Amino acid sequence: MGAFVFLSPGLTYLVVLLLVPLALVLSNTVFRRGRFGGVVYEFTTENFARLMDPLYLGVVGGSLRIAALTTAIALLLGYPTAYAIARLSPKWKTIALVAIVLPFWTNFIIRVYAWIILLSGPGLVNSGLAAIGLGPYELLYNRGAIVTGLLYSYLPLMVLPLYAAIERLDPQLREASANLGASPFTTFRKVTLPLTIPGVLSGCLFVFVPSFGNFVIPEILGGNKSIMVGNLIRDQFLKARDWPFGSTLALALIAVLLVLLMAQAWMARRA
Amino acid sequence: ACGGESSTSPEGTNAAAADDLKPNADLTKQSIQVTVWDGYLPEEFTKKAKEQLKVKDLKIALHATNEDAMAKLTASGDSGIDVAFVSGQYAQALNEQGLLEPIHPELIPNLANLYPEATQLSYDKGNKISVPYTWGTTGICYRTDLVKKKPTSWNDLLKPPAWADKKVTMMTTERWLALPALKALGYSVNTDKDEEIAQAKELLLAQKPHLLGYDDTTFGDKLKSGEALMVEAWDGWCPTTDPKGNIAFEVPKEGSDLWVDTMVIMKSSKNKEAAHALINYILAPENHSWAAENINYKVPNKAAMERVKVAKGSLLGIKPDELLDGESIVDLGQASTKYTRLSTEVTAQS
Amino acid sequence: MLKVEGITRRFGDVTALDDVSLEIRQGEFFALLGPSGCGKTTLLRIIAGFETPDQGTVTLDGEDLLALPPNRRPISLMFQSYALFPHMTVAKNVAYGLERERLPRQEIKQRVGEVLETVGLTAHASRKPAQLSGGQRQRVALARSIVKRPRLLLLDEPLSALDKKVRADMQLELKRLQHDVGITFVVVTHDQEEAMSLADRIAVFDSGAVCQVDEPVPLYERPRSPFVAGFVGANNLFEGVAGDADGLKSEEFGVLAGRPMTELAAGGKALLAVRPERVELVGESEAGGLRGSVLDVSFYGGVSHISVDVPGRIQPVLVAVQGASAVEAGAKVRVRWNAEDAVIMAVDQ
Amino acid sequence: MRRPTLLFVPLWVTYVFLYLPIVVLVVMSFNAGESAYTYEGFSLKWYGELAADERVRNGLINTLVVAVGSTAIATVLGTMLAVGLARHSRSKTLDALALMPAVLPDLVLAIGLLLFYGVIALTLGHYSVILAHGLFSMAFVAAVVRTRLSGADTSLEEASRDLGAGHVVTFMKITLPQLAPGIVAGALLAFTLSLDEFVIAFFTIGNAEPTLPIVIYSMIRFGVTPKINALAAILLLVSFAAVIIGQRLTRIGEGRSAEG
Amino acid sequence: MLKVEGITRRFGDVTALDDVSLEIRQGEFFALLGPSGCGKTTLLRIIAGFETPDQGTVTLDGEDLLALPPNRRPISLMFQSYALFPHMTVAKNVAYGLERERLPRQEIKQRVGEVLETVGLTAHASRKPAQLSGGQRQRVALARSIVKRPRLLLLDEPLSALDKKVRADMQLELKRLQHDVGITFVVVTHDQEEAMSLADRIAVFDSGAVCQVDEPVPLYERPRSPFVAGFVGANNLFEGVAGDADGLKSEEFGVLAGRPMTELAAGGKALLAVRPERVELVGESEAGGLRGSVLDVSFYGGVSHISVDVPGRIQPVLVAVQGASAVEAGAKVRVRWNAEDAVIMAVDQ
């Protein structure tokens, strides 16, 4: 009864707008590209064979590395941030949290462009460095710039779930740990961190996924020089008009994410 | 239903297969939906055209790139679009999929305003399925004050001299990415030979470490700011009219392309008479000249070009016959995936 | 050893502690006894370092405790709400404090094993707290704080969820720890029996203030204020005025036998307190005492409580007798006591 | 307890990181020159140009319509879904399904939805974007709310049932207030994501008037001018105002519930 | 009224309840008494509807309770962990159940006011639970469940966090409620005194099974099993064999005076139990009883417990005397008792 009332609206939505569309995408993977784009309904496995091409596997691997690096930095910066916010007084907490999401209410693309102003050859960072006799450095149009942009775009998605997890920890647990002789750092390592693993996992997922599938930031900040799997998919759909192969790449991407999701579920259960 | 079937209809659908259209149809019952590049039509266009054509409604949607437009036009059952602006080879591809309504010349008297050269475009000889709106070519746009030597060859871009190292950009859209390399090697921009494409790839890979980046849209800004010294550019987007007067455009000696942005009418349109009337309206010299004056692209409309005052530094002076020296990019069907792969291989390389 | 001086702590408009001073001696078993909400937990939290007093100082052997962070204080606190780590097993919870001291693994294992044995949870060592009953959790919390053998052990209601039997074992164990290991104990409790049986000295709190600090027997037998008299043991209280050599002059009952605790101003308002177990229940026909009728007989196991309605009093007089009682509700009786068993004290206005 | 100031160093690092580009954007919006990169003196002219730009204005309105609509759908359905999954289901598959829209790259979702809308021959418009945004936002709301639920004390719900409340009343009176911080956080996240979402909107809006990110995307295609910076500054200002008003409203709300 | 039959509930390999059957009568005050972890809370949760038994039935006046959802059962449960709604004030918490019955606002207000008065929290009506002390929270939980005047009220350790004084008031209040409103009570407790003073009947649990159901005095005085004898009151137990008319034949002490509870097989293993308050402490020189020396004297307020080490026994013999005791540790004494005060029971193998 309760199950039906609470679950059916959301599940219906998910089936109609997620599963059916995905089924349509997936069904494309076994067909051929038409001569001028579109799909010819002729069974083939060539798309999967193509996927194994080191060229594409290399792009997937590179994207994984970039996304993982972004996620790791986001976690290292986001956790202490969320932790500090959770320790503020209720009034400041709200303000600090809103301040985390506020930049997001401008615009994704504009914000990414702002980094060009900062990082470009004659840009602000280099001017600053020049003032102290350093540089100029090539800060833009490379992997570092991509990671910076991804981090900038998705850091709040790390902070929010972490904050939620940390905030609901019983403060007495920390007190108990301190009382038993643990330094603040040990308390963090042994009590706070293990109990907030679900938040860590959600945050990592929320940062990793859009980083992994991104194509706008590699374009704008990476100068298109290192493409990610998102660019690849976008190009197959919009440029090469090879929907079957684009769908196959998408399937690979979904597969990677499913593996991550399962890993997450497994770790959350252990935590 | 998942996108257009691979149509077997022969190239250049003949007019006999087309609907019968009535020249005197009641346009007040028809509404037109247009999709066009941003900035490609004047702001007051909707109001003025609607008034003059007396159509029931006129709506403009925007797309950013050909690819975006293709996604809209080919994906869903009914796009609801009557008139679309796309580049020539895309018009060709849309037609191959049977999505285009043949042009009914009798409904567009202003076709007569076009240059004769504009009816001989290789992707659509005789304007059977498309009507050209702007045209131009691709070349090297550069800072006259900062280059040590004026670029004259695609090789200046492909193998930048030390003073331009990491200060050049290339376009990323796959056919234009390949163009400089193919031309430098003396091949056709429409080649489908694996061997030739492979050689182009080698050139592009060798070039990559010396690039600032790949850029289709903001190369002009990079030139102005001095981040870039030479960029691959479409003529109209090379900011030669910049007040500082330090930017110039050069078509390399190996030759280049002729690109055309065209107007097409969708087969699914229910307002075909109005669609033709709209194209006819655009081809009127006083309307068409707006494009040349405001987007700095030449228009293939003789009567219109004659009205245009060419500003200092403008590239509008290039004549149609010079333009026709450029090679038209045509759609390569199945072989176009080779270019996708080429661009993937180049951009994926680290 | 531990010196608490002039501690005040306010929460908004609630004053949880109001100028509290206490001194606890080395090796002592000290109990804080007081009604719910009187500030006992707050005091322990200040000593342990989780609450900062608005005023006052706390020193341990002369060293300012308030300057030390909680993890540097040689003090263990057992939390009233247990605060067990939900992600660790019972054994891990207990080992936590020892691991912080970097003891050899073997020693940790052994000490954890021993303490779990003591609290009777050896079989539950590998369970998580969520799989334990309330009393089992309390015992884990207790084990976790005693295993460290700190210099000062603060226990907040350590035994409230335990049954009498386990409780008695635990009490013995706490006493053993005190003697063998020389730990100083501060135990919070609202259970006067527990306080009296365990503690060397007891501080009675009321609304954030200390009322009396004393050893159990004097506290019980010579309460210094009506509050203590009422709170420690269910005293029978009679109002009246002091002055008579034999006892208290009461309006309703004449002179009631009793001994003043201290010199009392003659004619001052005073209270006479007599313990239920000091009150004798005799037949109606006997001499002396007050007449009344039995209202209710409650059997408490070892003792029975008989409430006797005495005309002229609102509260019944409570009488405790050993074992089950033969009297029945409604019986006409007399209650009486010896003068030396009743205490007379002044009522402060 | 004393708060170690060291704790707040990362917080400040984060804020500097988040706000440095924003400050630069705002400063550059007052640029007298044409360039988005080099400052050439103070001017308000870009604000004037922006004010005259009808497309930007309409884009903003469309974005808000889409964000409000999709957030409403996502908040209601996502909360119910979270509660249903946490309390009435043990299925790992359903858990994964509910999270999937949040972890699916925009592009895949966009392509899938485009195909789907094509199959059912839906003429696209703002509502198709709202449905699409509602989908991934729902997953975010559900995820955030579940994080909160997993720590919630089930005995509260039991107590409510015991006191005579049915499932629905218990949900409204006990579960919901317990979850409120999670729901607000989820809704905020959903709203924020929708405001800024480009890819899916781009694919599913059809020929309807574009949302702001699409307008910006096409503006930027033709080069970056300080007009875009001016737009960013205005958006920021609007956000600040919205936050402050929101705070006032919640404070009033709290005041009232404290009296009752 | 309430009939629990053959209830079994397992958690993994823990059997929390093992074939439990009970019958609780209309208007009765029934107590579940047992050590920590024996399954008391689990049984209440099954009756209230939050746990489903693996086997067995529960009926209320013949109606199958297990078929009803918790909110349809005319039963209130006071949770051991209180389960107060943290976002509501004390008054709102208490009013919650009444609001569900759609009573007029005026009536709700009045009843809430009354019950808060009863539990002494009128001044705290507008506080949130987080601002209350442990004992105050417990009283809110109690108020919240009694205000509904359900047909059956289940209380899980309702008074464990309260001090003796408030506790006595609460106990009286519970009894009053039982009489005035005619509510049937089931109270879980691990405190035998509480069980005995409050309850009409008591069920003693051990590891998920019912050991004995009886009225307080018989339960206390005639325990039917060694477990009950040991758990209810601190009994002194002596091992031996049955058969002698006068008592128990013990290896170490010869025949110990006592009366068998039931017919015992001669020569069967048996246990003699004698209450501390039935044991008399006399000088070493007196006749009869067992010789020993005083180990420890604990003062409990009303009574003192004296443990006497008797050679030949591991456990000391416990003696309870009223008030403070004059004997000191180390004194040589004798302990003795009357035959009718000692119970002999069989030990089941």
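Side notes on the structure shown:
Each chain gets a letter, A, B, C, D and E, in the order it is written, and its residues are counted from 1.
Going forward, contacts are C-beta pairs under 8 Å (C-beta built on N, C-alpha and C of every residue); 3 or more make two chains touch, one makes a residue touch a chain.
From a predicted model like this one, the values you see are computed outputs, not experimental measurements.
Summed over C-beta pairs in contact, the chain pair with the top total is A-D. A centroid comparison over C-alpha atoms places B as the chain most distant from chain C. Rounded to a whole number, the gap between the C-alpha centres of chain C and chain E is 21 angstrom. Between chain A and chain B the centroid-to-centroid distance comes to 35 Å (mean Cα coordinates, whole Å).
We define each chain's centre as the mean of its Cα atoms; on that basis chain A and chain C are separated by 57 Å.
Taken residue by residue, chain D touches two or more other chains at 36-38, 115, 119, 217, 220, 224, whereas all remaining positions touch fewer.
Of all residues in chain A, those touching 2 or more other chains are 24, 120, 122, 184, 237, listed in ascending order.
For chain B, the set of residues that touch two or more other chains comprises 2-3, 65, 68, 71, 225.
By the touch criterion stated above, chain E contacts chain D in their complex at residues 48-50, 69-71, 75-77, 79, 81, 83-87, 92, 96-97, 100-101, 144-145, 148.
Against chain A, in their complex, chain D makes its touches with residues 3-4, 7-11, 13-15, 17-22, 24-25, 28, 36-38, 77-78, 80-81, 83-85, 87-89, 92, 94-109, 111-113, 115-116, 119, 131-132, 134-135, 138, 140, 142-144, 147-148, 150-151, 167-168, 171, 181-182, 185, 188-189, 192, 195-196, 198-199, 212-213, 216-217, 220, 224, 228-229, 231-232, 235-236, 238-240, 242-243, 247. Chain A contributes residues 170, 172-173, 175-184, 186-187, 190-191, 194-195, 271 to its touches with chain C in the complex.
Within the complex formed with chain D, the residues of chain B that make contact are 1-3, 33, 35, 38-39, 59, 61-62, 64-65, 68, 71-72, 75-81, 217-218, 220-221, 224-225.
Chain contact summary for the complex, chain D toward chain B: residues 34-38, 114-115, 117-119, 121-124, 202-203, 206-208, 210, 214, 217-224.
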